[in-house]
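Shared between the two complexes below is chain A, which pairs with chain B and chain C, respectively.
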Partner chain A sequence: MKRLIGPQSALRLPSARIAIVVLLGIAVLTAFGSTLAPQNPLTINANALFQGPGAHHLLGTDYLGRDVLSRLMAGTRLSVLTALEAVGIGLVLGTGPGIATVFLGRWFDFAANRVTDALMTLPYVFFAVAVTAALGNGLVQAMVPVGILLAPFFFRVTRAATLEHARAQYVEAAELMGASKLHVVRVHVLRKVLPTIAVTTASMAAAALLAVSFLTFLGIGVQPPAPTWGGVLSSDLAYLAQAPWAPFIPGALIAVTVGALNALADAFRDRRGAGTLAAQPDPIIRTHSTLEPADDDRQSQVA
Partner chain B sequence: MTVTSMPRAAGADQPRRAPARGAAPRRRRSRIIVSRLGGGLAVLVPIVLISTFITYSLGALSNSNPAATILGQDAATPAAVARLNHALGLDHPLIVQYWNWLTQAAHGNLGRSYFTQIPVAQSIAQRLPVDLSIAVLAVILAAVIGGGAGMIAAIRRGGWFDRGVTVACSAASTLPAFVVGIILVVLFAVTAHLLPANGYVGPSTSIAQWLAHIILPSLALSLAVSADIARQLRTSLVEVLEQNYIVGARVRGLPYRRILVRHALRNAAGPALTILGNDFPLMLAGAVAAEAVFSLPGLGQLLLQSAQTRDIPVVQGLLLVISCFVIVVNLIVNTTLNWLYRANDGIGT
Partner chain C sequence: MPFPRRAVPRAAPGDAAAARRAAPRNDATVRRGALAGAAVLALTVLAAACGSSAGSPAGSASSATAGATGTVNWEWTLPTSWDPVTSSAGWDVHALGLVYASITTLDPAGTVGPGLATSWKYAANGKSVTFTLRPGLKFSDGTVLDAAAVKKNIVRAQKQPTSNIASELAVISKVVVNSPTSFTLDLAQVDYQLPDLLAGKDGMMVSPAAFTKNLSGLPTHPVGAGPFKLTSYVPDSHADLVRNPGYWDASQIHLANFTVQAISQPEQILAALQSGQVNVAYIAGNQVASAKAAGFKVAVIPSEVVNELDIQTTTAPFNKPDVVKAINYAIDRQAILKVQASGYGAASYQPFPKGFVGYNPSLANLYPYNPAKAKQLLAQAGYPHGLKITLSTVSTSDPLAEQLQSQLKQVGISVTIKDIPAATETQFLYLDKTIPLAIDGTAGRNSPVEMLDVLYSQQGLMNVNGKKSTTSPTVTQALNQALTVPLGSAKYASTLQNAVSTAVTTDPIHIWLYTNPRIFAYSPKVTGIPHDLVQQRWEGVRAAG
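For the complex of A and B:
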C-alpha cells in the first residue's frame, strides 16, 4: 500500500491525521477500556450523585453516583465491536455480489438490484428492533439485520465502481488474450475497486456506530447495569432537571467518533476520487497507452 | 451546444410542437408511455414482494409458538395448540401463509395482536398521525432550512455565510437525531421553558399545542437532512449558476429572482430532491428516536413494546406500513424528478 504514505496520500491532510488519532484512541479504549477505567463503572456511590466534572470524577457522576468517564470507557468495547460486526456483515454480503453482478449477466443483475431496492425500503433501526422481537433481545442479534441493511450501500457502490473499471480498455484486452473472468476480477478489477470500498466502509462504520448507540439508547440488547454509550445517554435523559449538562458528554463522544470516521472517508474520497461516481479523466488509458499521438492529431491541437 | 441538449428552463421558451403531425408519432408516444409504465411495474412489483416477504418471514424466524403464548401455560395442550394454529392459519407452508397475509393486508386487515386482540391496523392507525406529523414537518423544515441555506451559500459563495454553512453542515451530520433532540430539550424546555419537553397533543384538540409539541422533535430530525440538502444544493447550484444560459438570461435582462427560480433552481434541485427522498426512511427511523427522547405515543413506542412481548403480528404490520411509506415516497420523488428533467423523447414536452 504505497499510496498510504506517498505525496498524494490522504494521510497528509490534517483532518485525516486528527481522525486517525481519534480512531486510534477509540481502538485503545476498545481493547483495554475496562482495564484503563479509573474507577469501577458499576460502583454506586450515594454520596456523589449528579456531580459535575471535577478532580475526583473527571466527567462527573450519574444518577447513581457512578463515574461517567469509567462507564464510557468500559462501554466502548461493546459499542465498537458490534458496530464492526454490522459493517463486516454488510461488507461481505454487499461487495461480493456487487462485483459478481457485473460479470454474471442481466438476469442476475436485475434480481440483485431488486433485492437491494427492497432492502433499502426497510429503515435499519426499525428493522433491527423488529428482528429482536423474532430472535430475542441481544445486541449481537440486533446488529445482524443492521449489517444486512448496510449491504445494499456496499453493493451499489461496488457495482458502480466495477462497472466503470470492467469497461476499461485493458480489461477488454485481457479478455481478448483469453483471460478468465476470475482472473480479470482478481487482477484488474479488485485492486481498482478497493479504495472505493474503503471509503464506503468508513462511512458505513459511522452509520453502524450511530445505529449501535441508538439501539443501546433504546435499551435493546443490554441488561441495565452494563455500561454502553447509548445507555449512559438514556439514563441522563431522565434527570435533565438535575444535570442538564450530562447528555453532552456521551453525545460528544459519539459525535467525535462518527465525525472522525466521516472525516477519514472524506479525506480518502478527496484525494483518490474514490467513491465519487462523477466522470473523471481516465488515468488508466493514459498510463497504458505507450503510443505517441499521431502527427495530424498534434497539428490539430496546435491549430 | 445544440438546442436539444439545452436545459429545460430555456426549452420552455421554445415554440410548442405543431399538433397536427399525424397518428404515427402519437402511437409511438403511447408505446413509450406503456413501456415506461411496464418497466416501472417490473421494478416496483418485485420490490414490494421481496420487502413484504422479508417482513413476513420474521415471524417464521422467531421460534416462538404463538398459539402456546395465546393460550397460556395451563391451556396449551397439544390438541388445543394444533386447533388454534389451524384457526390462525399457521399450519400452512410459509409461502401460503405469506400470500394469505399479503392479500389480507391489501384489504387493510393486518391481523390481531396476539396479546391484546386489538386489530393491528387499528393500533397503527391510532399512532400513525404522531409520526406523520413529525416526519412531514421535518421534511418541510429540512427543505426550508437546508434549501434556504444552500441557496444563499451558493449565491454568496466564498463569503462568511457560505463558510459558516459548510462548517455547520459538517458538525450537523455527525450528530445523531436523538442527541440533537436531547440538546434541544435542554436548550428550549429545561433551560428556557419555552416549549414542552415531552408529550403529544392532537391537531384536533389545539393546533397551537400540536405545533408546540412536534416542533422540537421535527427540528431534531430535520437537522442532519438539512445539512445534506444544503451541501448538495450549494454544490449543484454553484455549478448551474456558472452555465452560459444563466449569463444569457442575465444579458437578456431577466430579473435575478426569476433566473434563480426558473432557470437555476429547477436544474439544480434534482440531487437535493433525491437526497430528500433517500433520507425519508432515515427520517421515519429517526421518528422512533424522537419518540423515545420526547416520549411521544408513536409507532416507535408500539414497536418497542411489541418487540419486547414478541407480538409478531404487530411488528409485521408496522414494518409493512413503514416500508410502504418509503416505497410511495420514493415513487413520488422519482416522478417529480422525471417531471423536472423531462426527457427529450416526446413525453410531456
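For the complex of A and C:
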C-alpha cells in the first residue's frame, strides 16, 4: 500500500486539522475582518467604557468604549499582512543565497555565512526601532528589519537542505550530462527543498506574528486609531484595575494563531520525517537519469 | 508647565519626562548622600530620643518633635531638580515643598498668607515691599535663615545662568536688608503679585551654605527649611525624608518620615497601594471606583491643573483664526471629560478652575460643541473639504489624543498622532518652540498673573508661538494692569478676570479642555490630607501604624 508523505498525510493529524481550521478563520478575518466586524471598530462610546463581555459587546469594550471584538477583527488584516511581509522579505533574502551558496563556491559561502552570523546577533526589537526611527514610524517600515532578521533562518535551513541534495548522485549525474547550475538548481534541487522551506515559512510566520504583536504592543509602527492585536493588548494592560479580564482576549488570539502555525509546521515536519527532504519523486530524474532510485525504495526510506 | 496627566493611563509626557531626566545621576554622590542621610537620620533619632533630657536649642522644635509618628509613602512624580532655581516644571512645587519653606504660603483656597515671613507691607506707590521674617529661623543644616540669606537666595535666582525663575524675579531691582528679620524688595514696576509669587518656587529658601559650597550637588542634595529633610534620593525611583523639627510650622507636622515614590505605570499604582508600598497615591478619575472597591479612601481635591492643547497660531494652518476656532468648536469637552477622567473635573475654556479668583464666568461656555459650525468655519478658512494636521503627544496610545482625533475627524480634520520622546518634549515644545500642536496641561502657579504670564506673555515658557512672534499689545496691557492692582483691592478679581478673558480670546494659543482635580487614593490609616488648590501641603496629616 502506498503511504502518503505529502500535505495529505500531515492533514490526517488532528493537530493539523485544528490548525488549518484556525488559520482559515484567520485568513477570513484578514480578508473580510473589517467588513464582518459587528460594529465600527473606531467608534468611541463615552457611555460604554470598560464593559465586560455581554450581548451587545461580545468581548466587551475598551478604554474608549470601542467594541473589542470589532477591533480585533479589523486589526487582523494589519497584524497578519505585516507578519507575512516580514516572512516574505526573509524568504526572498534567505532562500536565494541559501541555495546559491552551495553552487557559487566557498568564498561566497564564507561571506554569506559571516553576514548571516552577524545578522543573527542583532536583537530585532532594537533593530526595528532604529530602522523606524530612520525611515519613519510605520508597520511596513518596522517589518523590513524583522524580515531581514528572519532571513538568516531561511538561509541556514535552505543551505543545509541544498547541501544534502547537491551531493546526491542524480545531481552529479545531471552535471556530468552537461546540465547547467541553474538547471540543476531549478530542476533537481528547488523542488526538493521546497517542503523544507514551507515548514520553515510556517514557523517563521508564527515568529513574525509575535514580532508584529510585540512591536505594536510597544507602539512601534502603528498610527492610531488603527487597531492591531498587539496594540489592543498593550492598551488593555494599562487598565488592569478597571478591566482585569481584557488582556486575555487579544493575548489568546495571538497565542492561538501562533500555536496553529507552529502545530501545522510540526505536523508537516513529523509526517515527512526529520531531515528527510524527498517529498516527491523527481520526474526529471525518472525521465533522464538511470540513477533514479525506485519510488517504492525512496518512500520506504522516507517512512 | 506640563504635568503628569493622571487622567490617562500613562503619565503625560512633559513632566514625567522632565522628572526622568531630572537631576544628573551620580551614583557616587548618591551613595555619599545616602550615608550622610543615614548619619543625619541617626542623629535625628538620637536627638529625638534624648530630647527631653539633653535639651534642644529651640524649645518650639523640641515640643514639635514630640508625638510625630508614622510615615506617608506618597506616590508622586519626583522633581526635575531638587533645586527650586533649576527646577524646570511647575509640577515640581509639590515635591519641593516638602524640603523647602517659602517666604509666604497659600491657604487651601489659594489666598496668600504668612510663611517664613509673618507679614509684608507695600510702599504707598507700590514699587517696594517690606517683609518681616520670623525670628530664630534656621535651615536644616544649621545655617541661619535671616534677611541676608533671603537676599543671597534672590540674587542667586536672578543671576545664576541656569536659573529657570530669573525672569519671574526680574521685577525685583534691589534687595535691601533692613535687619536680620526685615528686608525690602525694590521693584522695577508696580507688582502686587509678589507675595503670591514668593509662595512658590520663587520664594523657596535654600541654605546659602549649600549653594555656596556645592551648587552642582543641589539638584540631588537639597538643604532647605521646610517640613522635611531629604535623607536619600534615587532618581526615577524614590526619595526618603525625615521630619525637620526646625521647620517654622513643625507643630503641624505629625509625620516622622515621608517618602516620595515615583511609579510611572498607572496600572501599578493601585497594586502599590494594596501591597502597602505606598499609602497615598495620585490616581486617575477612572481608577476611583477600583480604589474605593479595594477599600481605600479617595480625596478629590480641586486644583489649578487644566488640560489643554498648545497651538502655534503662527504656523499654517493654525495661522488662520477660523481654523483654531473650528478646532475649538469641534471638540466635545464633556465627552472628553467623561472618557478621560470619568467625569471628575469640569469642561474648561480658560486656565483657571471655577471658584478661583481668576475664573471668568463669561468664558464658561466659550466654544460650545458645534461640529456644524466647525465645518462652516473650516470652509470659511479655505478648507471646505477638511485638512490634515499633526497632533504631538508623548505616546501614540494616548487616549486623549485618540479621542481628539476621533472628534476632529467628524468635522473633516484628519489628525496624525505623533509621539514625542518624553525626554525631549519640553525642549522642543517650550524652548525650541518647534511643535505646532501638542497635548499639554498647566500645573498652575502660586500667582495667577504669573500663570498668565507663563501662558501668554512674550517671554512665557508655555507661549509656544515662534520666538519671533509678538504678543498682542492688548494682552500685554491687560497682564500689566493685573499686576498693578493690590490683592486685597475690590478691583483685583475683575481686573484679573479681564486679563484672563483678553488673553484667551485675543491670543488663542491654548485650546482649553478640562480641569483636572488632584485625586488621591489613600489608606484609611492616613488622615487629615488638606485640600490645597495650588500646592499640596502636609500640615495636619497623620499616619497610624
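The rule is short, and it goes like this: the second predicted complex is superposed on the first by the 265 of 303 C-alpha atoms of A that agree within 3 Å, B and C clash if a C-alpha of one lies under 4 Å from a C-alpha of the other, contacts with A are read in each partner's own complex, and residues count from 1 in each chain.
Simple rule for what comes next: a contact is a pair of C-beta atoms (placed from the backbone, for glycine too) under 8 Å apart; a residue touches a chain by one contact, two chains touch by 3 or more.
This structure is a prediction, so every number in the text was calculated from the model and none was measured.
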(request) Mind checking the superposed model to see whether chain B and chain C fit together on chain A or clash? (result) fit
(request) Specify the partner with more touching residues on chain A, choosing between chain B and chain C. (result) B
(request) Scan A:18 for contacts with chain B and chain C and give back first, second, both or neither. (result) neither
(request) Kindly classify A:240 by the partners it touches after superposition: chain B alone (first), chain C alone (second), both, or neither? (result) both
(message) Tell me the contact category for A:65 with respect to chain B and chain C: first, second, both or neither.
(response) second
(request) Using the touch definition from the top, say if A:226 reaches chain B (first), chain C (second), both or neither. (result) neither
(message) I'd like to know which partner A:198 touches here: chain B for first, chain C for second, both or neither.
(response) neither
(request) Please state the minimum Cα-Cα separation between chain B and chain C in the superposed model, rounded to the nearest whole Å. (result) 5
(request) Starting from the residues of chain A touching chain B, keep only those that also touch chain C in the other complex, and list them. (result) 137, 234, 237, 240-241
(message) For the complex, give me every residue of chain A touching chain C.
(response) 42, 44, 46-47, 49-50, 63-65, 137, 219, 222-225, 231, 234-235, 237-242
(request) Provide the residue numbers of chain C that touch chain A in the complex, in ascending order. (result) 9-10, 265-267, 270, 286-287, 289-291, 335, 338-339, 342, 395-397, 399, 401-403, 405-406, 416-417, 419
(message) Quick check on the complex: what are the chain B residues that touch chain A?
(response) 43, 46-51, 54-55, 58-59, 61-62, 64, 170-171, 173-176, 178-179, 182-183, 185-186, 190-191, 197, 281-282, 284-285, 288-289, 292-293, 300, 303-304, 306-308, 310-312, 315, 318-319, 322-323, 326-327, 330
(request) Quick one: which bits of chain A touch chain B in the complex? Just the residue numbers, please. (result) 111, 114-115, 117-127, 129-135, 137, 206, 210, 213-214, 217-218, 220, 233-234, 236-237, 240-241, 244-245, 247-248, 251, 254-256, 258-259, 262
